[in-house]
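You will see two complexes here that share chain A, one where it goes with chain B and one where it goes with chain C.
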Partner chain A sequence: MEDEAFTDINGKAISLDCHSHSGFCREFTVSSPKVSVGKVMVYTCCVWLLAYTVFFFTQNTAVLSSAILITLVGMMFHIHFVKVDHESLLVIGSLGIQVSSCYASGRETTTFIEMSKIKDIVINEAIYMHQIIYYLCVLLKDPAEPKAVSSVVPLFQSSKPRLNCLVKVYKSCQEILSKC
Partner chain B sequence: MAHDALFHAKTMGLNTVFTDHSLFGFADVSSVLTNKLLTVTLCDTNHTVCVSYTSKENTVLRATLNPEIVSVIPNAVDPTDFTPDPSQRQDDRITIVVISRLVYRKGIDLLGGIIPELCLKHPDLHFLIGGEGPKRIVLEEVREKYQLHDRVRLLGALEHKDVRGVLVQGHIFLNTSLTEAFCMAIVEGASCGLQVVSTRVGGIPEVLPEDLITLCEPTVRSLCAGLETVIARQRSGSVPSPYSIHACVQNLYTWRNVAERTEKVYDRVSREEVLPLHRRLRRLRSHCGPVAGSIFAFSAVLDFLFLLLLQWLVPDRVMDVAVDATGPHGLWRQEQSGEAGGTKQAAESDIS
Partner chain C sequence: MVLKIYFPQCCNRADSGLMVGRWIAGHDSAVVLAVIHYPFIPGQVKRYIQQIQAQSGVELSVLGSWSLPKEGQEGMESFLRDLSTIFPQERWLQINREFGKTGFTCEVLTQDQNGGTTQQEAKKKKKMVEEGDGEAVGDGEEEGEEEKVIFVHYEQKKVMLSQLHPIENGVPDPKADPPSELRQMFRMVANSQPLFFLDKYDDGPLKTTHWQSEGREGSIIVELLKQASAPLCLLISWLLSIWTCFCNIRIFSLYPLRFLSTKLSTCIQLSYRTEHMRTLSSAKPAAGHTQFMRKANILVSLLVDVALGLLLMSWLYRDNHITMLANALVPAADHIAKELDELLQWLMGAPAGLKMNRALDQVLGRFFLYHIHLWISYIHLMSPFIEGILWYGGLSACLGLTFALSLLSDMVALLTFHIYCFYVYGARLYCLKIYSLSSLWRLFRGKKWNVLRQRVDSCSYDLDQLFIGTLLFTILLFLLPTTALYYLVFTLLRLVVVLFQGVLHLSVDFINSFPLFAVGLRIFRSFRLAEGVKFRVLCEEPGTALHLMMEINPLKYGTVVQTYRTPTYSCYPKDSWTALVKKLFVGELIYPWRHKTTKTD
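This part shows the complex of A and B:
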């Protein structure tokens, strides 16, 4: 229900929405900033100007039509496969957790991890490009071997919130996980 | 790369500590230039750590440092990893183990001279040599020439986890290095209960007490004589048992001791101030000579301007600061015993 001023690792503003459906079921949604019209205009103008310059020298109209096609296809590809609108984490005590990503075109991908496979949800550090960032991840275990961590699933990979946001989500998750 | 990192750290205003692990020469042109570079890097470093007193002397002379800011903290060995196992040895013969990189610096040429002489005198002597390098060909030639294929085994490159398995198969550990600041290998050999024979170079005399090591001059004759005495002692059975040697070494070098001493250095350094840019430039120019000092003062200014550019591109406020690993109110310090319950409760309270 809260919506303080959180940012992601690059300094862009994101928003966190914590919704408590019941005592043992909570949902956290991290929303990234929307596709900005200004940026789209700038990219489109650059590509078209470039195409026009090439046309000016080669006098080949195929350059212009291909530039238009590339821009359209590129934009569609971007909003359908690349641009994430919001990511959510649904924690249901003693059942499991559901991680879903919703893209700008409306496409949604969902993964469910059952509670018997979950060892813990922790904040870990990682080297990402030229910096070290904190990220929230789920530690998975093989039910046959409860002591060992079999794999790690990072959460909020596209929005990459900073530590203050992660700590809030972490504390809330731990309240539920510790009860079951 | 360490020099690079130190240079940038000082531009960013961080305290710096440099640890030196090797000895270097003074004589040839490349050494002179490297030593000059070291002088420049260390002139405004807060503290330096060396692994032996010989290494301290070497570093202080090379970089014209103030000896007060150089500490000596030796390396250690994990005694639980390197335990003796006399059952792995073959008692009908005497095995000499050598584990090192097969390069000139490690005295492999000396080894190539010792092997035929000793193998001729002692028919039950065997050599077990682990490690790879360009000088492997010397040892293979010696083996070919004197037909010692069954008595000299060359194991090639060894993984770290396999080293102990090779060491326990021997009675004597031989180290023939021509220069060494602090030799980890002889401590590992002694920890596995072997008799150690080594050349008296660099920091080696400081490493083990007199009764655990036999020191020789770095010549074939001296090493042969040293090995002969140890072989005779081994034959007569007057050597201390591997377990007693291991017990002795276990108390000499522990990682806990090294960690405590290093922590003291870091605590001391964290209280010192870092030189601001103008004082740093003045120190570079006064301490390092006119030419090198001016060049590096210029680089320091360029580095500072580059830092300003980077701070504009990726502002400091965007980056998360490292969380204190001792936990809130020092809950996760080593002295505390409760782990799982303590960490969960600690996480509930406010971390930032």
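This part shows the complex of A and C:
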């Protein structure tokens, strides 16, 4: 288990965890920083202050209850659909690659890609708004046409780690992929 | 190469015996389907396997031996090795497990060409000890490359019942790529149903362990429904044949009735439901997963429809609701007529400060006012019958809520017929004006539309042509605001009615096509609709092979709805927004909700 100081493209600290289950089976987990209590409190206070000012002028209690409802629903929506806790990549030689993201509420979405569809794992460059970033991706091929790349599946999309982290994962994956 | 063994979870604690299953062609994998226990007679095992092969069409073979020695039983190493000679296979797997340990160990015996057998072990430590010290790693002669083994545990019941999406059914195209390993594995387990019929209460010569060995699973309700469905299907098909005969009577194929029946949404819905009943009442059982899901979705949507219709009826026929509705209808119609009257009077004056052409204004306004007067007298004529019509119309809800909604949509169309007429008059006038204006504008500039070449060419006109053309152009140009205003007002009214009808049609379409059964299956038996699989590494002991747990990854809800939607007469706007706006500007008649007469997939 290794835990070095990696950051994502915005400079926030993330952690990488490499676990080797066997000679040809490795799991990489990138964890994002958790929801900070300070931010939650700031947002809630802003929304409620706004609601109080509106209530002060209109004297309508529906404004207050709707503000509470909006805050609650927004928070639940955020932790269930938006905030990613950790993303993991499980590489099993000669079986395939499994990509999964786990959200802050515990929900997990998983995709498994079979080895026959995988052409390679590479680090690619992309233009992301005003910067150029590196990202790790899986190149898929159509079994009918082994030479052409049919689609690209980007990995670690929410955590967006920087190049040093990606290189580490890339080297590990290539060891397994080259063996099988 | 890594050898993958798919091992059912139910056999984790099975007694020692023979493993029966299949090798997956093209990939280095084996699927274990059942375990046949000691003691057995080899001849009987071979006969049983042949019998299952004949019944199911899946090639079965003995994969190897499984040993889980109980207390007091000695290891049966030599016995197990002798078994491989009785059932000659290319590769013979020997899987051992000990109580108290979670890991399995696997030895693979390969039959090479000389007839001798070489053995490869998965335990690394033992091999290194055997090498001795100081020897170079040139061990390729006897042992060959060390074979790595992955054990993939799967739940047999779930894999057997689940269907991988996207569905590939029918005869596989020989030119297409062979199905992937996972698909082949799922198909093998699904086709091996006869193997799972033998349970532990059978008094046969063989004892097996698989997911149904504790007793065959079944549901009384499902069996009763299956028995009841045969006579029910006969009854429905008989009723349908009577109905089809009735519909084919000659009198209904006369022109006006035929035209009406394609326009009225109630008739369309009726024909649509007849199609559905015909699908449901076919005598053959569903062939394949898609057919079964379609039938089930149609049945559930029909039942929900009828249930909602009965609910509506129970509300409608209680507490004199119908009388209240009927009594509210005529004053509402009067109110609408009064509002339209006021609107026309406003248009005939100086609407929004615009100055209209007096004469044209009066003509158009009086024309429309007379129409409204006709309509109002028609409504007053019908008023004693309205309650009766509503009462009998409400009875149609017993066929389903969709019928009630279609009937409502048709009634709205009939009652607002005058608005439709106004819209058509206004649109035709405006369209005519716009086309004449554009043609005369070309004349004004000295150009002409060349029909042969489909383009604008210059043309020399005579003086009198130019004179009359310019005169007409001026007249039409100054009359344009009046016509445009009338057109605008009546188009807006027509759009309001069309919107309301569209909402009704969309809800009818939704009830018709929403796959409620598939969504229910996704919620309650999510393993039956599989998008793929997901793997979980089981906690391993050092030195044993890798153990993975394969679970079914259920389909997302959006994909479920998209895959299993019943195809309907599509009721979506047939023009894009830009085309619609362009048509409105030019004055072409718009029919935004177009029913396609044939079903689309």
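What to note about this one:
Assume the second predicted complex is superposed on the first by the 180 of 180 C-alpha atoms of A that agree within 3 Å, B and C clash if a C-alpha of one lies under 4 Å from a C-alpha of the other, contacts with A are read in each partner's own complex, and residues count from 1 in each chain.
Methods note: contacts are C-beta pairs under 8 Å (C-beta built on N, C-alpha and C of every residue); 3 or more make two chains touch, one makes a residue touch a chain.
No experiment lies behind these values; they were computed from the predicted model shown.
Once chain A of one complex is fitted onto chain A of the other, the partner contacts of A:K141 are absent, as it touches neither chain B nor chain C. The partner that reaches more residues of chain A, of the two candidates chain B and chain C, is C. Contact with chain C, but none with chain B, is seen for A:C180 once the two complexes are overlaid on the shared chain. When the two complexes are overlaid on their common chain A, residue A:N10 makes contact with chain B while staying clear of chain C.
Judged by the touch definition given at the top, the superposed model places A:K119 against neither chain B nor chain C. By the document's definition of touching, of the two partners only chain B reaches A:L163; chain C does not. Looking at the shared chain after the overlay, A:S94 reaches chain C, while chain B stays out of its contact range.
Across the complex, chain A meets chain C through its residues 21-25, 27, 90, 92-95, 98, 100, 110-112, 114, 116-117, 142-144, 180. Chain B meets chain A in the complex at residues 314-315, 317-320, 322-323, 344, 347-348, 351-352. Of all residues in chain C, only 1-2, 4, 28, 148, 150, 152, 176-178, 180-182, 532-535, 537, 540, 545-546, 548, 553 touch chain A in the complex they form. Chain A contributes residues 7, 9-11, 131-134, 162-164, 167, 170-171, 174, 178 to its touches with chain B in the complex.
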